[in-house]
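Look for chain A in each of the two complexes below; its partner is chain B in the first and chain C in the second.
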Partner chain A sequence: MDQNSLHRVGNKALRIVHGIGLFLAMLVICLPGIWIVLSSLRPTVEIMAKPPVWIPQQLSLDAYIAMFSGVGQGGIPVLDYFRNSLIISVTSTVIAIVIGMAGGYAFARYRFRAKSTMFLGLMLTRTVPGIALSLPLFFVFARLGIIDTHFGLILVYVALNVPFTVWLIDGFFRQVPKDLAEAAQIDGCTRWQAFWQVEYPLAGPGIASAGIFAFLTSWNEFALASQLTRSINSKTLPVGLLDYTAEFTIDWRGMCALAVVMIIPALTLTFIVQKHLVGGLTSGAVKG
Partner chain B sequence: MATVSLKRLTKSYGPVAVVHGIDLEVADREFIALVGPSGCGKSTTLRMIAGLEAISDGVIEIGGRMVNDLPPRSRNISMVFQSYALYPHMTVRENLGFSLKIAGAAKEEMDRRVAEASGILGLDQLLDRRPSQLSGGQRQRVAMGRAIVRDPDVFLFDEPLSNLDAKLRTQMRTEIKKLHAKVKSTVIYVTHDQVEAMTLADRIVIMRDGFIEQVGTPDEVFRRPQTRFVAGFIGSPPMNLHEAVVDDGQLLFASGERLPLPSQFKANVGTGDKVVFGLRPDDIYPTGHGISSGEDVDVHQVELPVTVTEPLGNETLVFAEFNGSDWVSRMLNPKPLKTGDRVKMSLDLSQAHLFSADTGKTLRG
Partner chain C sequence: MKGWRPSPPLLLLLPAVIVLAAVVVVPLLLSLYSSFTPFRLTKPETFWVFIGARNYVAILTSRAFWVAFARTVVLLTVALNLEMLIGLGLALLVEKASRGQRVLRTIMMFPMMFSPILVGFQFKFMFNDNIGLVNNALQGLGLTDRAIPWLIDGNLAFIAILIAEIWSSTSVFAILILAGLLAMPREPVEAARVDGCTPWQTFRYVTWPFIMPFAFIAMTIRSLDVARAYDIVKIMTDGGPAGRTELVWTLVARTAYSDARMGMANAMAYFSILLSILFTVYFYRKLAAARTQIAAEW
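This part shows the complex of A and B:
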């Protein structure tokens, strides 16, 4: 074989190995999700079977029907949980984004005393594991009387998300050349107009991804929510999963069905927003 | 259309002053170039005029009105940035019309002025493209168009050509000159390229370390540099500058070589004075290969060894050794020379410059 055909065969082999590698990686990522969807549709015997039943024998929507049938008929207050999750996640995301934009912009554009120390401090707050905060938070919230309220959880999630949104948005504002805001000011904008007309649209995709991040964190958070909520007043969907555990049994099928219900809005939101996450919007602004 | 006047303009960052109380009067419709090496304060000065940088002390007046604390939008200026600073999320049309949109102009007015500016700059075909789809030269033109549309009192240019390749730079230089002839407004143009400054400006301001070294027409700064720095900065290749001591009507160089003291300086220096002798490459030439008007020339001839030659086609730069270093000379109608050839050089001392070695100031009376 000459050198050329040797390389051709080599390249082909590499492509095949690449394909197999990708398939395995995707399998690892997707299988839990697929398994949850499948489990929500199968009877418990099949879910618990050993060895596992790979190909479902019978599928039914019983778990979903039961979930919405109301308390006493195997149902849970899923709509209340959904409403709580939505209110808490959306509100905390909006607040975290607003603070993140202000903070990120300040860190990206202004010089002030102790800037790097403050930035580091903000990041350090994230080194504390969330669960370690649950007991102190519980005590403080109990004293303040904000256990089992939307406000309490919103406060916690804003605090959790702000360091990340500041950090992410700071990075995106840094990518927008300073000259653009200056050019806008010369073109007649106030500092405020220059921000909204030029810098904000350019950092928009970054802000949107920070938003998705904050939303998903709040939407999926379980540890703190399980401590700080009590009733349908404020219980969120992840905490609602616990409704399927009884003293001696766990209703795996019901739990999987609720998990699917939880995933759908998060997935939809991500799909909607990611369309706008077009990279490279700033290309062409300045000599690149 | 307006005058610009800077009075004791100062800029400090904490204890570090970068512009030291400069004074400058720019006439209406004048094209002024601020030129100097990196860090000389020229861009800072421009940014202070634009209002992008707060001033530490002094006064800025545009059109006779003090603008010290006015925001950029209230100064009626426009600026072309080195980086172009086009809005990437807007088309060329939107970029050009942005300032009018902010000012709340009517649609017809906007269309008319955008069309006018794009006509002047030949951007008609590009109006619906985004900056990322344009070449460097086109982006540069859009940046200028955006400045024209505002119809400002003063145009500010911050090294607008330094991101372009050499050929395009020459082309855009000509366009800027034509543009100024057309729009006839006051221009303040910052560059580190002395050729740009010489070719474009009515007057050149040479800055160094936050001070103005000299203000003058291109001809003045070239022929009558006031300081050793200006002499070395303006002109390409740069002026030959060498330290010497005045000794009995002669210049004594460190190597022991001597040249006659140019007669125009005789009255201003005395024996023992330390001076810097300067002679442009145009005023040193292999005998028979230069231009001399024939009037008032004071030619002194020396024979020097050639070290390097740089042929440029119509002329050759000849480096010859004198006083232990290379002096560059310009050879018109070149003939081949080899390293080590001894060549008879004519030095036109009537064109020589002499600066004080201590102060760097000219010793011309």
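This part shows the complex of A and C:
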């Protein structure tokens, strides 16, 4: 075998190894999700079977029907949780985006004293672990009587989302050349008009993805919600999921179904914005 | 009379500052104060008793706390390093792929969408000793004939939590590092190859310095949210068995809400806050350094 074909064989082997590696990696990433979806569609008998049943014999939507037909399996009012989650996440996202746009614009367009210290300070408020923050908030909210209300949780999630929203939106405004807004101002726009007519539309997709990121954070948050909510008045889905484990027998199928309900909105939204999200996070990396 | 006019950036930042002050800073000051009292939720009057640093002394001499603290640091260090390495490997694998890169990138984002509580639940399900996928697979393949008590044995539970943690966060690294790889100019790599660098040298001295800031962005984002491991542990083992997987955060929650010892819990919480801030500042400074270095070189 001459050197040329030896090289070719080597290359081919390398490609196959690469392919296998890639396949295995993707399998590990996808398997837990697939397993949850599959389990939510199988009868409980099959989940509990020993020896295990690998190929599902029958698939049904029973778990979902039980869950959504009022107080279903295990007495979990999923519909209420779903509504709470939706109200709280959407409201807090909208407010966080408005505040984040103002802040992000300030960081991207103005020079002011202690700018980087201020930025780091904003970020540091985000690092406070949810559970550590929940202690004083629990106390204060109990005093103010806003424990177990939508308002309380919305307030907390706005604060939780603002730092990261500022960071992302700052990055998106930086990508919009300063000259454009200046040109608009020379043409007679006020700064306010220049912002809404030129800079905002250009940064729009980025801002949308920052919003979706904020939505996901609120949608997924657990540590704070678990302490600041008490009943179906304000309990969100992640807290509701824990309802299942508190019992002695775990309804695995019901939990899997609830997990799928939680993941579907998150999944859809992330697919929509993935491109912008990565761009926003890395925009500062090379330009500084 | 014309009054004092605040500068525009100040005005724009004001709402953010107000919200954060109201929801984060002021409550934290309150909790700082209450960490110097024997405050119990069941006895409100204890809020006004000042006992100095006695809570802190009690914590610093408590073995359980130090064990939990050390376990948290170990978990974070091991998890962050492994996530970085695996993320780098994953990014390189995907970058090399000639077809379907978009699809691969989308799949890679998959774990990011799972809330930590869901990650905890799905791994609790998979690592269940009786009906879990992992044991079923191991038994099916004939690798073991008994049920491995993944979440019941202390060390195994720690490993299971580590795996869940890594599964959920590696994609942040992979995606950002991949973005770095894709943004990288081709010429320096080709120049290095022409000059006779081995693939390893090319990676080490050309590729790696360029993607480093991206890796640090990922690290910074990750370190902002290290405490979300709480959600995972809470649902997987809740610090059990017998405190073998207790982390600082689960200990804080237990002290505050199960034992109702708020003052003590607040003192503990300050250690966990300090830990998070330390991680974040460390990576933020690395990020800043890497950025200036890149700016100087390119």
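Structure notes:
In this text, the second predicted complex is superposed on the first by the 237 of 288 C-alpha atoms of A that agree within 3 Å, B and C clash if a C-alpha of one lies under 4 Å from a C-alpha of the other, contacts with A are read in each partner's own complex, and residues count from 1 in each chain.
The criterion applied here is as follows: contacts are C-beta pairs under 8 Å (C-beta built on N, C-alpha and C of every residue); 3 or more make two chains touch, one makes a residue touch a chain.
None of these values were measured; they are calculated from a predicted model.
In the superposition on chain A, A:Val198 makes contact with chain B only, not with chain C. Once the two structures are overlaid, the count of chain A residues touched is higher for C than for its counterpart among chain B and chain C. In the superposed pair of complexes, A:Arg126 makes contact with chain C only, with no contact to chain B. By the touch criterion stated above, A:Gly21 is placed in contact with chain C alone, chain B being left untouched.
Touch criterion not met for A:Ala114: it reaches neither chain B nor chain C.
Of the two partner chains, neither chain B nor chain C is touched by A:Ile55. Looking at the shared chain after the overlay, A:Ser39 reaches chain C, while chain B stays out of its contact range. Touch criterion met: A:Asp179 reaches chain B, while chain C stays clear of it. Look at A:Asp187: by the touch rule set out above, it reaches chain B but stays clear of chain C. In the superposition on the C-alpha atoms of chain A, the part of chain A touched by chain B in one complex and by chain C in the other spans residues 281-282, 284-286. Against chain A, in their complex, chain C makes its touches with residues 7-10, 12-13, 15-16, 19-20, 22-25, 27-28, 30-31, 34, 41, 90, 93-94, 96-97, 104-118, 121-126, 130-131, 133, 136, 139-140, 167, 171, 175-176, 179-180, 183, 213-214, 217, 220-221, 223-228, 230-231, 234-235, 249, 252-253, 256-257, 262, 265-266, 269-270, 272-273, 276-277, 279-281, 284, 291-292, 294-295, 298. In the complex of the two chains, the chain A residues touching chain B come out as 177, 179-180, 182-191, 193, 197-198, 201-202, 280-287.
Those residues of chain B lying in contact with chain A across their complex are 50-52, 71-73, 77-79, 81, 83-89, 98-99, 102-103, 130-134, 136, 139, 146, 150, 163. Contacts from chain A toward chain C in the complex involve residues 18, 21-22, 25-26, 28-33, 35-36, 39, 47-48, 50-52, 54, 98-100, 102-103, 105-107, 110, 112, 118, 120, 122-133, 135-140, 155-156, 158-159, 162-164, 166, 216, 219-223, 226-227, 238, 241-242, 245, 252, 255-256, 259, 262-263, 266-267, 270-271, 274, 278-279, 281-282, 284-286, 288.
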